[in-house]
Amino acid sequence: MSAELAVRDVDDAATRAALEVTWAPPRGVLGLLGTVNHKVVAIRYIVSAFVFFALAGVLALVMRAQLAYPEARLVGPDLYNQIFTVHGSTMMFLFAVPVMEAMGLYLVPLMVGTRNVAFPRLNAFGFWIYLIGGALLWGAFLLNAGPDAGWFAYVPLAGPDQAPGKRIDVWAQMITFTELAALVGAVELVVTTLKLRAPGMSLNRVPLFVWAMLVTAFMVIFAMPAIMVASTMLAMDRLVDTHFFNVAEGGDALLWQHLFWFFGHPEVYIIFIPATGFVSTIVQTFARRPIVGYPAMVLSLIATGFLGFGLWVHHMFATGLPKLGESFFTAASMLIAIPTGVQIFCWLATLRSGRVLVRAPLLYVLAFVATFVLGGLSGVMVASAPLDLQLHDTFFVVAHLHYVLIGGSVFPLLGALHYWLPKMSGRMPSEGLGRLTVAILFVGFQLTFFPMHQLGLAGMPRRVYTYLPETGWGPLNALSSVGAALLGVAVLLFVANVAWTLRRGARAEDDPWGADTLEWSTTSPPPAYNFVHIPVVESRHPLWTHPSPRVVTGLRIDVREVLVTDAIDAVPDHRHMLDGPTLYPFLTAMAAGIGIITAIFTPWGITVGVVLTLPPLIGWFWPAGEAIAGTTREKA
Amino acid sequence: MSAMLLSLVLLLAGCGAPAALSPAGPQAGQIAGLWAVFFWVSVVVEVAVVAFLLYAVLRARRPVLTLPALAAEPLAERRLTRGVSAATALTAIVVVALLAASILVTRALGALHAPQALTVEIAGHQWWWEVEYWDPVPSQRVRTANEIHVPVGEAVLVKLRASDVIHSLWVPPLHGKKDLIPGHATSLWIKADRPGAFGGQCAEFCGYQHAHMRLLVIAESRGAFDAWLARQRRPAPEPTDAQARRGRDVFLTGPCAICHTIVGTPAAARLGPDLTHLAGRTTLAAGTLPNTPGHLAGWIIDPQRIKPGVHMPSIGLDGADLQALLAYLGSLK
Amino acid sequence: MRRPVLDVSALPPIAYGSRTTIWWGVLGLIAIEGAALALTAVAALYLRQNFMTWPPYGTPPPGLAAATANVVLLALSVWPMYVADRAAQRERRLPVIIALGIACVFNVATLALRGFEFAALNCWWDDHAYGSAVWLLLGMHAAHLVASAIENVLLLALVVKGPLERKHFVDVHVNALYWYFIVAVWVPVYVLVFLAPRWS
Amino acid sequence: MTAPRPATLAVLGSLLALLAAAASRRTLDAALADDGQWVRPAKDLAATRYSSLDQVTAANVKTLRLAWSFDLGVERGEEAAPLVVGDTMYVVTPFPNVLYAFDLTRPGTVRWKYEPTPATEAQGVACCDVVTRGAAYADGLVVFNTLDAHTVAVDARSGREQWKTRLGEIARGETMTMAPLIVGDKVLVGNSGGEMGVRGWLTALDLHSGRLAWRAYSTGPDRDVLIGPGFKPFYTFDQGRDLGVTSWPPEAWKIGGGTVWGWLSYDPELDLVYYGTANPGPWNAEQRPGDNKWTATIFARRPATGEAVWAYQVSPHDLYDYDGVNELVLLDLDLAGRRRKVAVRPDRNGYVYVLDRATGEVLSATPFGHVTTTKGVDLTSGRLTYVDAKKPELGKVVRGVCPAAPGAKDWQPSSWSPRTGLLYIPHQNLCMDVEGVEASYIAGTPYVGSATRMYAGPGGHRGLLTAWDPVNARAAWRITERFPVWSGTLATGGDVVFYGTMDRAFKAVHARTGEPLWRFETVSGIIGQPITYRGPDGRQYVAVLSGVGGWAGAIVSAGLDARDASAALGFAHAMRDLPGATPKGGRLYVFALP
Amino acid sequence: MRAAAVLGLLGALLVLTGCQREQRRFSEVAPASGRPDRLRASGFNPGDRQAPAEFRNPYERNAWAAAEGKRLYAAFNCIGCHANGGGGIGPPLMDPAWIYGGEPVEIYASIVEGRPNGMPAFGGRITDSQAWQLVTYVQSMSGLLRKDVRPSRSDHMSVRPSEQSGTSERRKPPQ
């Protein structure tokens, strides 16, 4: 049995009609809580992530207000510690990683030409778990139970002896939720990318963004277990008296740091690599030419993925490590500049040799390059062990990490949203507002964070709730706070643009930017089933290839069937039926949520969780027994 | 971007060199030298990248929204590939050079040693620094807090220990930081090349008053240092007037004595800083307040307002007792 | 409208092994859990540096009987699982039921033995970091056994009672894959928790 | 109980013992001159606790039966030795330190009772139960210490208080639990409270007036320690000026312990009084760098002036609360063919020291228990060699520290039989885990700085009675016990050794073989000092106090909660099954042959 | 509507409990010594009518106060006499027996005023809020506080299960 090449009559209208019925979104409660459409789930993910982004951003503004002048009394240390911890934790765990994965979950099935992700119900489960985790953190914060030991929660400060109450337990369980969600998303992305690609999309034809998400997903799979193990140990230390981090009984405070940074450093790349995917996509589209050095780009991504695991120790230079290890990790940390450099050079070469169309998304990319390169350079500085001894844990590092994370990820992300908004919403965003946003964003950002380099060198440590007037840090901090306000304005402008787009934006065509990837071949916004016909891919840039491509026929259209292809060459292998909408993922997530939150208070929470999740899990997997009937296929 | 760089230069000029870049010791000096290398490399790279970017984007070429030509000219493509390769190679060379410089400085930092050096043991507490000067004769040891005196031009071994959570000792003009980690003994060598008072601070987040966990390193001539050390070795002087005597009674019978030590009196508790020579110190409350009677009074009466969350409770004393206590503490030179 | 097409109607609706998405999904799960176990093992070895002896003075080394028996039991359990796996790929219901049933018995037996293994650790998790580390390692593996037991029993119930679909044979097949993983990781966990304390 | 030794060994042992006995003729002479009384807890000035009374023999002891008993009304640790002077027996109870005088002519009747009513607050600063170790008699006076740091002299006939001298301040943690030693007209007493940051001293009082004659501190400048030109320590590390100050951090000697709460002995020939000082404070050794002179030190002093003649620091810079207060049994032994005046001392650190008592030279130091903390004593330098791996660390638990803080042997005194040449050492087999913690000195509160939990050492038994041959530096036989043997031992001319166990048994064993001969179940665990005397009726009696308590028994006497392994400084953890083995009690038992 | 009301109530409850547990009241200005109004060491008073002893521990639901109490318990050498609840010189505190009463006000009186059989009076040495923090911790030792308020294990030797995981006997002596 194999797929057959032919020239046939294709009845688009009938197929579309059948698909509309088969893939119809459920209504009512089921529609609200039971949908498994990857686009709906992804949009919910993105919107939730941006809500968290906005909330954490408000915290950032509070912090900047507090730091605007010396010995300010706006917030006390107790609240301030909660604020910066919740800000950092939210940005890292509830915004950056989820939003990147969500972009992947939205775009990857579209880009590889399939109808949904590989495990649609699991995908929905991941979202609910994430939402519960986020609600837990913020609910706790509003109840004055927000974690207060910093986003890296160093023990013993975060340990049972030094951190009373349930604040850190909330943090540890929030980690459980978000890591679960991230891992689910990663598995989705890996399997979708490897097994659900359209026929002909061999690995060397996969769009760079999909490559970036694939590398990211693999990094999530190998990095997240470290924080899973660490946060489990922390929770156990706090709840059942284990001694993983109790120095007296043979535990070790540095074990936490090793485990945390073995996750924490790859985490930075987990956030950054998808952004390079956005940049590659945008550069390619607006340079109006294929990216220069596709193989080099892919290899750089993979190299970055590997190297990302080799430099966690550069967060620990000040702990007094053996000199040899120090040099090794310095070397690894600085070498990662090379693959990153390759990517930047390829983008520059692409822009240099293309016929550049300057549009708002590209402006984001320009802001990205200018900012990210600076962040990368300060990264090389903190990678150098001797320099790090001066720079570590100061505002220089605060500056560096925001250059990398905002400059390196948020700028491309906002650009990407502007870029894909037509596809997602079916309407065009305002170009002028977009350009204004970029300008204010860029200026606000530099004003906020550039002075922090100087502050760090001047001796200002991070995570201080205030500082003495005689330190002389006042003026620069004031400048930074003004910049932060501007940054806030820029974010508001962006939100305004999105709102305006959704209400007033001009209707978007299928491919308004003239891009090359498959998502632009379907309607804007895409239907629930993504494509009327699964396309057949014959080049790296299917939409830039003439004539219009071959399509797949013969899939069942009365059930949610997708085509499974081989992992390397995307040769059609078999047809596979996906699961439809159901409440069970939501119920399972709720049950698990109850269990995990109970585990903040008692170890029996684990048992409660297992018992509660069992019924919905059985329901989830127990066959409904109705899907076998009928064999309507896409007719040729 | 160049505007930003300009502003950096202006800031550098305006505020004077920041602490980490105005070294007072060989190690901070070496790091500052390394910083200069990294900094100028960074400036060049950033300027080059941004310039190239702007040039690439702003070339006056009218773009058209047509399908791009996929079959590129092989020659142009090869030139581009060559350019990317060259830039990559250059990056690699620069990175390796920076790496070599880093490793050399690491070596140099580790080279500071001296036999029989003055040894200072520092314990990090929430939120103050306990300082002990080591001596082979136990009775010659000196305990103080939040202020370290060192002789200029001599290498000093600083041994570090944490008593509760992780702290990090950082005196930017002298050296980079070194963490104080429970269960891990760490140490560093410092040397001051010139006399002066150098401010330092805890650099690892350690709880509520991380912000106000400061210390002062005072580098002075050997003679001055020896005199200081000799003074520190003496027990607290007996109070000479009635006011101070009453102050001592307030100290010994009230809450003070169950947290603090004054050598020469029965007060020998270790929860708070050793106050034997309190009046000889420059600052109060771990570098937070200048050591004046007014600030001291404010600190005793309501430390929670000055450093919320600090372990010292607010002490309710009536005016006369407070004045007496201040007189006594003021006599502890 | 006539156009060039790729007709896939002849392709099978089911497949086994690395051809399927679920196999890759389970592989992802195995990668995640393998990484977690490996990191826990590394953490245990890291903590070991803090002890003069491992186990620490006053804690007898763990008893081997139950754990060694479990090595044997788990190794043996591969056989029924393999039979179930093969039968599932041939899509034959009865052999699957029998083999999976036997595998379930094995699974429950390993869980019972696990209780004795915990007792044989000769310490509590809150005694010292050694206790914490060995309890966590053993507990993590036990969690896998519990999860697998639930899964095996449910799957058995499904094959026996449920409206069986062809895709459930794929489930039996990948369930076997997961079981092989559990058996395989028991060896390093066994070595680390039960044998290593006797070597120092 | 250990298995019976091979016969050959027993024969050899007895031969050697006989040889030794013959050699120490002087002691033997003293024993022969036994008057059947018991006027000081250690029986004689040489602290042998040997009575030559021999009506009770190994052969007939199994018929020993209760003659009379008396409920003392205080149910705390009864560590005291009864005294018998003429026809009166004197017993002093734990706090509130009631002194009873029993009329031995009418068994079981109280002649008078003296109640000193010590300050109740003293109970709050007594580290290890509110015990007393007994009284001493001389010149018509019964002298003893009360817990609230007073020394009292009571008229032996009338029970009237003759004088009462306050010697210490309980507000600073000072208590007194030791039994005085009366030498000539001097009453020698010392203080307790090493766990409270007390500065230790030995004080001489005038026997008749109670006035302070001299006070020798254990720490501080030489003039306080009564170190003068006549001070000649044998080893260089004990030589130097003001070591009691310079071997401490600034002023730490003022709160540095070195209390004197153990046993004193006296050699009239050399005119030297011997005693040991207790542990330095706090336990956390990192807070007191240096040797911490003169804690855990053996002193030899002139009783008239208190002047120190020699000192030997047994455990310099003590790391484990190895108090140096144990008894020094003064013997004349033939060592390597030379007759020497020695002091034999089974120390808390696990070694039996044989010292030349004229010079302070260590002739031998042999471990008699399981020791992991030290590698032995360097006989050329005299220093104890510590094992680095077992040094307590701040904030880290060090495991397998043997012996534990109570030592291989605590205060419970040994006895010496000149007939067998064996020293009968009651002791314990405990190890501990220890963690150093920061200690803050607050007067009147404990100053320890150490977290400990104790447990049985190798073998699982917690107690031992070891018959030690000091000439050959080896154990002749051993008896293992479930609980620490926290009582003293008594050796008699009938070749019987008596001791009590914490699980309520009063036992007699054969002095030469350790063969169990007799046991009697008392109301409570026994931690007292058995004595024997000739009654007014001419019969030999054996007496002991029963009443569990002390550091080891506090779990019962103070009702501690053993779920907390650190209770009673970690001792309760090792004794968690004691409450099942004995109730509280406080009773005097007197036994006689039928 | 009813659901919303229930949710609102639940939320309010959460706020109350959560907030109380997590509050950090640093600058509670309290007299250095002295006793709060109506604090009495004895349960009865002269006269016919008995005034109810209604003094409550202000920190009863505050986890931070319990933890501070635990820190002070070690700092002020309580541990030296009472060990980690098992007792020694002083009586055990983790068992249900109380010599001078286990009501917060009685524990407070024991700490501040001392007890004649050896408990020193800490009044005048520690502040009122410190005394109440100690009371809170002492209450938590014997399980008199809510579980989520009690402290977890300390960073020291493991001598017993933490106050939070309960005081049930489980430990066996090594060997």
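Remarks
Just so it is clear, A, B, C, D and E label the chains in written order, and each chain counts residues from 1 on its own.
Criterion: contacts are C-beta pairs under 8 Å (C-beta built on N, C-alpha and C of every residue); 3 or more make two chains touch, one makes a residue touch a chain.
Quick caveat: nothing in here was measured; it's all calculated off a predicted structure.
The chains touching chain A as well as chain E are B, C, D. Comparing the centres of all chains, each the average of its CA atoms, the largest separation from chain C belongs to D. Put simply, the C-alpha centre of chain B and that of chain C have 51 angstrom between them. Per-chain Cα centroids separate chain C from chain E by 46 Å. Centroids built from CA atoms put chain E at 38 Å from chain B. Averaged Cα coordinates give chain A a centre that lies 72 Å from the centre of chain D. Shared interface positions of chain D, i.e. residues touching 2 or more other chains, are given as 395-397, 433, 435, 439-440, 442, 455. Touching of two or more other chains is recorded for residues 50, 56, 58, 126-128 of chain C.
Shown for chain E are the residues in touch with two or more other chains, namely 24, 26, 75-76, 153, 155-158, 161, 165, 171, 174-175.
Pairwise, the chains that touch each other are A-B, A-C, A-D, A-E, B-D, B-E, C-D, C-E, D-E.
Taken in their complex, chain B has these residues touching chain A: 1, 4, 7-8, 11-12, 15, 18-21, 28, 30-31, 34-35, 38, 41-42, 45-46, 49-50, 52-57, 59, 61, 63-70, 72, 76-77, 80-81, 83-84, 87-88, 91-92, 95, 98-99, 101-103, 105-106, 109-110, 164-166, 168, 170, 172, 175-179, 181-184, 186-187, 199, 201-212, 214, 288, 308-309.
Those residues of chain E lying in contact with chain A across their complex are 14-15, 18-19, 21-24, 26, 63-64, 66-67, 147-148, 151-158, 161-162, 164-165.
Residue ranges on chain A touching chain D, taken from their complex, read 247-250. Residue ranges of chain A in contact with chain E, taken from their complex: 76, 78, 139-140, 143-145, 156, 159-162, 164-167, 237-241, 243, 246-249, 601-602. By the touch criterion given at the top, residues 389, 397, 399-400, 431, 433, 455 of chain D touch chain C in their complex.
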